[in-house]
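Let me give you the structure first, and then I'll get to my questions.
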């Protein structure tokens, strides 16, 4: 009959106490308005900092940090390594920034998150006292780090889509999409698939779909950041993919492809053309199971009447507004984007540098023979939509492009739905 | 006097009438009720406090946030500013599948937004739950029966049964993704060219197969423990009485294992309704395999307050399912002594 | 006289036939058991076999679909334990075992207390308490991450072991409590009574008579708790630091030599390594799991 009397009040008190303590520390949700005062703080402070980045596959960051630490005894850099999953990296940064933590001073930010983080007031604007020199950097990379006219991050590495082709079957790579589709008869003769990119429903599909739309002369967003998909060019671009899939020029299984699956298909000789990132170059040339070791070439993506517009990849480096030692952070950012470091990224890690001059550097071209092709690709690259609503925008693109390619809806309907979804995302809450 | 809980006690005739199976009585309740209440408080306190801290606090904070609007973009500065109070608008938007319109009102969510996926995600979640729990119960029962038998090599079988569940989900999900790749071992072995992760029903079955493989050991283990509580003499006596195997199963095994079985099914159902890892890694939620938890995670990236509303809606759905389960399927899991016994079932 | 002998012979013959028939049925039943056991083995181990075969395969041949092992190498195992690039798989294994152990012991303890109260004691609000405990299993775990992250940041417990142990205990508690409650309700408590009549204290009676009978339930719950904690990823990925990360996070941190490359072979190697101690644990304790109500214990 006796209720556990003190239990209920005790539990309630406990919960209240916790709620109050947590509320004080900044409960969830985004409140970017306070960016002003945070951005002004600690601009001259120096001291130890932490650099956070995703997995350092090619071992380029650790040696650089060691080098910095040797030269800066009082401003040591600690490396916090995340996983190699973009989603996890994004969420990890969001958790820390949302809680206004000062434990991440310099963060490696994917090109597509920069606008989102900037709009939430988490990134230090790199202007006035914190300005850096971007004149030597490829324009597309700077564009991806700029939001509302202000630079919020320093471009560090880049990436562009490349067309891999079987040079034993096709001596001269196609320059336009129609030309490439015309060569599909060669694929049929050899009983292999013609073309594949990444068409599974994930970020890679946004990359491929944007490339298709941009290469045909259309664009996802217009200059004001509003969606602009109901155009003939966008329709032509997406139609290219849908038609190729329906005709079988894009093999049916390509709808499940991510980077690795498509690489595997090309590498085992099952594809004539492949759109992928440059990272596959070393794997295709050296892996034991590769059937195309000396048989493949690399070219710029085919466009409407010339090189196509590849989607820009790569990473920018940003300073957190909550950092306590921003002067050190800025110097570290400048160090990471210096010419010497950029060269190191290329030689050690096969990562594309952001400094245009390096693409014609003899030493680098010797190491990475595809550098000139990559330069063309990046020079013609169009960043994926630079918008603070990127997660919603990429979902709108993915869902509808996926349905369009599979033939579940017409290209017009897909584009119109894409348009409406992006409008709805930008409408606020 | 003594109230009956649980199955009817089975007296084994062979062992001279000593009841080997008995429902617990409320021992001396009339005299010791007051001290029992205090005892109970102390015994239950750690549990309540642990749960209140880790789970109740976040639930309350999530519910509080669900009544706020997500941050909107201030067109002048380009920065996000905190939205104000939203009342129940977030909830209405999810249930009615409405999204914000550029002119300020709401409009039916177009395909390609998260808001338009609520009801299909609910349907998918229920599909996965019902199918996986059904398979896992039947398979788990079968495995438990085998593990309970005496035969050479049974310790090997018992260890083998746990392997699927012991492998971390991170590895299992990648393993099945690997197996179900177009060029993977599944298509090779069965000589098929199914696009496992590329079309709706293959994707759904891929998730079901992977989940059943992974979680059947959980059911098998709990059911086995339940089976172990049935004394062998009961079966012996029944055999002497001339019953068939099926009759023994129906009249002895099932009723006596029912408590453990019900706990297993209930918890497995609750877990299945919150399924996340497997479909997320296998298909990314594509082809109509998005569950409610996947929808929540995706929404967190777009606006946390709306995600909090969705989590609360999910919570309510799961609560309703559990309520129906306990109330109408006779799971004796929340009974108190003196409440409806299970005599009839 | 002859008829009697004839009758006796026929009777014996019939008895022999009956016995043989029964033996045959036994053999059939045994045979069926073995076949069923084989099917269970195949079902459970076939995908695990594929995991092991891939673990031993060279990275360059990851996508080879030969069923028998080809291109066998130990490299993947070396890669898994390689600490030069910040991988801490060995440390993570120890972390997982430690966290799992603490979670299991504590949740069992707390759970047994709670289950005893719920199964044996009578008090008002029992329904509420049971509902509350069950309700804690109803909230989507994915939504708990952010509030927990902020809570533990505010109290300064980020990256500590307790930040990983306490949430895991809370996740496992509802199942522990419900399982133990359901088993305690089936216990022959009058044995405890008779033990006390025989002179034991309540505590002694509980320990000496009830606990052995509850052994299968306790070991089963222990395994459930341990493996649940072992499998947990979401919370651990947010709340752990490099030093305290468990095995699930460490495996997620594996990366290929190139960006975008998924290190399947290394992940499978890690999975193989991780499964072995669990299998051994189960083999060692499997007798306890299936200990039944033996007449000896009753006596």
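Letters A, B and C mark the chains as written, and numbering starts fresh at 1 in each.
In the analysis below, contacts are C-beta pairs under 8 Å (C-beta built on N, C-alpha and C of every residue); 3 or more make two chains touch, one makes a residue touch a chain.
Fair warning: this is a prediction, and the values are worked out from it, not measured in the lab.
The most central chain, judged by the distance from its Cα centroid to the centroid of all protein Cα atoms shown, is B. Comparing mean CA positions across the assembly, the chain most remote from subunit A is C. For this pair, subunit B with subunit C, the centres built from the Cα atoms lie 16 Å apart.
Work out the mean CA point of subunit A and of subunit C, and you get 41 Å between them. Measuring from the averaged C-alpha position of subunit A to that of subunit B gives a distance of 37 Å. Multi-chain contact residues of subunit A (touching two or more other chains): 1-4, 18, 22, 27-28, 264, 268. Residues of subunit B in contact with at least two other chains: 33, 36-37, 40, 44, 48, 53, 56-57, 61, 181, 183, 300, 304, 308.
Within subunit C, the positions touching two or more other chains are listed as 63, 123-124, 129, 146-147, 151, 252, 262. Looking at the complex, you find that subunit B touches subunit A at residues 33-34, 36-38, 40-41, 44-45, 48-49, 52-53, 56-57, 60-61, 64-65, 68-73, 77-83, 86, 99-102, 104, 107, 109-115, 181-183, 193, 195-198, 284-287, 298, 300-306, 308.
By the touch criterion stated above, subunit C contacts subunit B in their complex at residues 30, 33-34, 36-37, 40-41, 43-45, 47-48, 50-51, 54, 63, 65, 67, 110-111, 113-114, 116-124, 126-127, 129-144, 146-148, 151, 166-167, 169-171, 173-175, 177-179, 181-190, 193, 216-217, 220, 223-224, 227, 230-231, 233-234, 247-248, 251-252, 262, 264, 267-268, 270-271, 274-275, 278-279, 282-283, 286-287, 289-293, 295, 298. Subunit A makes touch with subunit C in their complex at residues 1-4, 18, 21-22, 24-28, 55-59, 62, 79-81, 83-85, 88, 92, 95, 98-99, 101, 259-260, 264, 268, 277, 279-280, 282-283, 286-290, 350. Residues 58-64, 71, 85-86, 123-125, 129, 145-147, 149-151, 153-155, 237-238, 242, 252-253, 255-262 of subunit C touch subunit A in their complex. Listed in rising order, the residues of subunit A touching subunit B in the complex are 1-7, 10-11, 14-15, 18-19, 22, 27-33, 35, 90-91, 94, 118-121, 147-148, 200-202, 252-253, 255-256, 261, 264-265, 268, 388-389, 391-392, 395-400, 402-403, 417-418, 420-421, 423-429.
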